[in-house]
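Quick heads-up: structures coming right below.
Shared between the two complexes below is chain A, which pairs with chain B and chain C, respectively.
On to the complex of A and B.
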């Protein structure tokens, strides 16, 4: 209840409110530029080169602006860009942080730390690696953005154009794994497409903050299967049939046998037969797929162990089995000696659209 | 000492009230004076009926009073009775007088359709200005011996007649006593309006939410009476004021119960959403455009930026300007003659709205926000309640302009806290009964 004699103090309080919140310098949305991709690469004299892809709304459509700056530090480069852009640079809508392969190979810890410290770049911004020249990549992809403002999001969006092969890693996950001893991420390696906007080349294997190798799309699919990240149907072609994997449930269990870590992985796949060429029974087809996935998964693991990269989070299952001091040595001492015991089972759930032969 | 005091007093009073007519008359052999206000009484008809209701035998003055159901009143009260539209018969010497009901002049509207609360598929008699008619309407709607009617006499000559109506079995006795006591307490100002009534009832004029819920539907009143509330009917007002009001009155009407239960729930849900939209939408716009664009999706952010491209004002100024224009359109169209109403709607809505966007003074999204807000505002039940929300949205807009989404929710929580703090006569406002 407002009583008249309290009115002066109320007015004084309200006046104070206008000055105190620290929001007097807020800028309307049309006075901010909202870059959606930030590319980080090295320039010749080993300084950072930061390129931004900025959609600039005009009266009729969106124009894409690619701006770059070189500086000794990332923040210096950003502030340099901010100075040259007519509006206020607002990083809060950053969708993708793109690392040049060289940057990724030398380690992205500082870059990730910078992105976290800005407190502007959203935690859910995605990370990716590219082999191409940053500016030309941003320019080429920009043309697709002009036609469809949401094409970038669609490529990575699980509800839109995402495919199960594409590994997704957000900024917060990178930050988490860089500071974790028992977990890594896989970053998608992309290039600007010739007819489509982006092409997915495979996944970059990270060991902590360093890129240590690359796996092709088929193997990144297995990484996603191992992480239970399949939310979409995915087609697998075996010798005699095409199968649509519609459901997947993977469980891992770790144990230590004779000082060596053993990882039991149990994958349960549900598949629909799409096509078959030989006159094989369902059981045979199922065992074919089972065998194929298991062999490929074991191959993938060989590669992972060699690279000391752990995108499936195998180490997580040993956190309770090893003393804390030992965990710091996980990557060096235990992980390369890991024994994988993979058990795949396939259920053919229905007969779908079988082409009769 | 003053044998003809009644007559003399009246004649003196008539000197400055020229519609007060005093004329000699002979009623069945007895010479009398008849007095009445010609502005309130049909004189010719009254005279004719007076004669017609008497048997054709000669009567004394006392007999006349008895046969006409007259009520003897002292000279001092005579004028007051006449002002209420009664007819006075004075004895030939002017020493005594009795008053009786007379044929009133046709000053009253007949029972009509509701003017403000039109409802679908429900009885549509609405209250009129006359207190007796209104009480009659209630009696007719709610035939029960339980229905209590009390006339409360307020002090001061300018006050109006007030009737308290409640159900003996439902209304808590202490509530009725409380309201009766507050109404009969001495008042600072003549109780002629709801505002005066509110300050008489609550002791403050500064509440944003009224303790009264006004309705012109007898059906609605009987529903509220069944919930144990008290209706206050004031002479000359064509609404009944139900007190204490509750948050329920923002979105529940009795006429909803003419529909099946799930549909009733759906209608009320629409009103609740309407309340939130009317209260929060302009604030949300300002918060999202000016302070927290990071909460938008990038597609939306870009299309918003496109729509605001050449707008010179910050979002806050932009929406305040447009809100004010809409307030003025609403305010203007309230009292416009029915024939000009559509013109203003056309000029205000279509032409102004379209032109202001084309001139790029405001973005077209603001027009959408405003339209949604204004429409949502009138989904609320009760004009008073709609006004409260109309007023409060400005505080939300200001908070949003300063603190963004956080300010928006702080404002909403503040609004809820404010409503929760209100108690009418010890009964909380935030209750769903």
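On to the complex of A and C.
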């Protein structure tokens, strides 16, 4: 009774076999090249110059290939590169999108939209800005990749060589903040190092899609502290001691006073004494650090407000306090007039194995 | 104990059909209805579904073991056709929409160059195969799928919270209720439609209204979560720009310790299982209804014809915008199916049970 019923389904299954194996439209891995860094800069003749750093596996080792193409659009440049490379270009393993400073200053909205639209470039790819010539940057860093295949990854990997000063921003975060009313990102500014692969110069302040300024590493550390992004210990040097900040918790609360936004920030730091010069008490050391962080944070905020850039997401804390129509005007009308009330407290966890010099 | 165990596939099936939509089209459909405070349209959808489900279950409970066709056919040739034809058309449209959207998702995600006909042929064959196996088998297959894929989906869902910024929940209140005046709100109402499959379940398995409602509670919670995850990660303005917000959100999660680089692949496979369950059941229901209304038409050729229609229709849609336009055009059909059919079921249930009590 069941047998004749099975015939159509058997035919259906066999038909499905023709499509299921997937031996179609797929290029084998040995016919693909997988670029890991894409650099976007402007060129004289055409609008864009796209440079790719492509690791090419050879018999023993890997060879780094740096290729560039100029075209009026990004996709045109990429397809131009694809044409000239003997294998198929596969962007699915892109790790970093590097913007030339001029591109970042002009605004990266279109570039980010392109990267989001393709679905080929992973949304987890990180973004960075450089002042250097793109091709020479890719070539120089390529040399260290040859020596250690994962050196580049480690620089940005929180489980490896990342340092708390380095701001991390992924493609999806750029997309988020370009369209967000109340949040921005800070992109790391990097250059090829002389002895190491990369050197961190500071962070690019973004206001929506435009780079509006740059802050030094010690200020970008504060951005990460304010965002609770410190997952690693970080050393701070005060007048009379060196302290290792091992834990940090920052809380923000927004309120509106007389039509002006007021941001209350509470930072709680836990530190370990590493070195001290004068014989100061724990309380004195703690208050030194507190004072130092607070003044520096206030200076940072002065800079941020002037640049209308909000990498610490201060505006997020006012979303519930302002009506939607006012929120869309947040950056122009409210953010520059923000008052910061910063409250830092430090706890000295211990002084190491000796109590006094 | 035995009785409860036998009902489990039914409840899982209700979860499965909803899952196929919630994790797939729900976020986009609801996000486009208004600019902020998206929980408002979501709650309205839930209320609509709860109300219509209540009507449907109240009707079905009075006449155990009968489905849509059994209830409407005694009304006479014309009246039954008037009620069943839109229902069949709507079932066909829903399966067309999920099939075509899924093909588009696969294309956007992995295989940009594969011709549409190949993707559609694979999906249609799969749905047809499922429908040929009959409703019982679909229910049983769904048990396996649920065991395999629901945990994967829930894992993917919870991993998205890593990137969430809860401040994006605000502003909470939109007093204008502008979504009620927008056509998008009505064309997105297909997200409540999976409850209609419950009307085909009674001959397969007895239903207990309380159990069905208890099953719906986690589903409704999932609706709200699935809608808000893209909002929390991308912020409302950016989330509204995404065609598959849920997919994008999952792509943004970077789990270095996970063996696989892209969680999205698992997501696509899991979604496909539930989409197939849903579409297969709809195709089977079409065959069932047509067969009962016109006993001369055997079920399988009807299912095959519906599948061919799906395939051809799916090929005729040139692109994503057309699919959205199609949603606009069939709004009236949707409102009819979602509101009129449950009301008619309740009315028939009342009459039949009263008649039985009188005799």
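Everything below uses one rule, namely that the second predicted complex is superposed on the first by the 334 of 357 C-alpha atoms of A that agree within 3 Å, B and C clash if a C-alpha of one lies under 4 Å from a C-alpha of the other, contacts with A are read in each partner's own complex, and residues count from 1 in each chain.
Here, contacts are C-beta pairs under 8 Å (C-beta built on N, C-alpha and C of every residue); 3 or more make two chains touch, one makes a residue touch a chain.
These figures come from a predicted structure and were not determined experimentally.
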| item | value |
| --- | --- |
| First, second, both or neither for A:207, with chain B first and chain C second | neither |
| Superposed model, chain A: greater residue contact from chain B or chain C | C |
| Which superposed partner A:241 touches (first chain B, second chain C, both, neither) | neither |
| Partner chain in contact with A:34 - chain B first, chain C second, else both or neither | first |
| Which of chain B and chain C A:58 touches, first, second, both or neither | first |
| First, second, both or neither for A:119, with chain B first and chain C second | second |
| First (chain B), second (chain C), both or neither touched by A:95 | first |
| First, second, both or neither for A:229, with chain B first and chain C second | neither |
| Overlap of the chain B and chain C footprints on chain A, listed as residue numbers | 122 |
| List of chain A residues in touch with chain C within their complex | 5, 8-9, 12-13, 15-16, 19-20, 24-25, 116, 119, 122-124, 157, 159, 170, 172, 175-183, 313, 316-317, 319-320, 322-324, 327 |
| Sites on chain C touched by chain A in the complex | 35-36, 108-109, 111, 113-114, 118, 121-122, 125-126, 128-129, 132-133, 163, 165, 167-168, 170-172, 174, 233-235, 237-238, 241, 248, 251-254, 256, 261-262, 300, 304 |
| Touching residues (chain side chain A, partner chain B) in the complex | 1-4, 17-18, 21, 23, 26-30, 32, 34, 36, 55, 57-59, 62, 90, 92-93, 95, 120, 122, 149-150, 153 |
| For the chain B and chain A complex, residues of the former touching the latter | 204, 206-207, 288-291, 293-294, 296-299, 301-306, 308-311, 314-315, 402-404, 407, 421-422 |
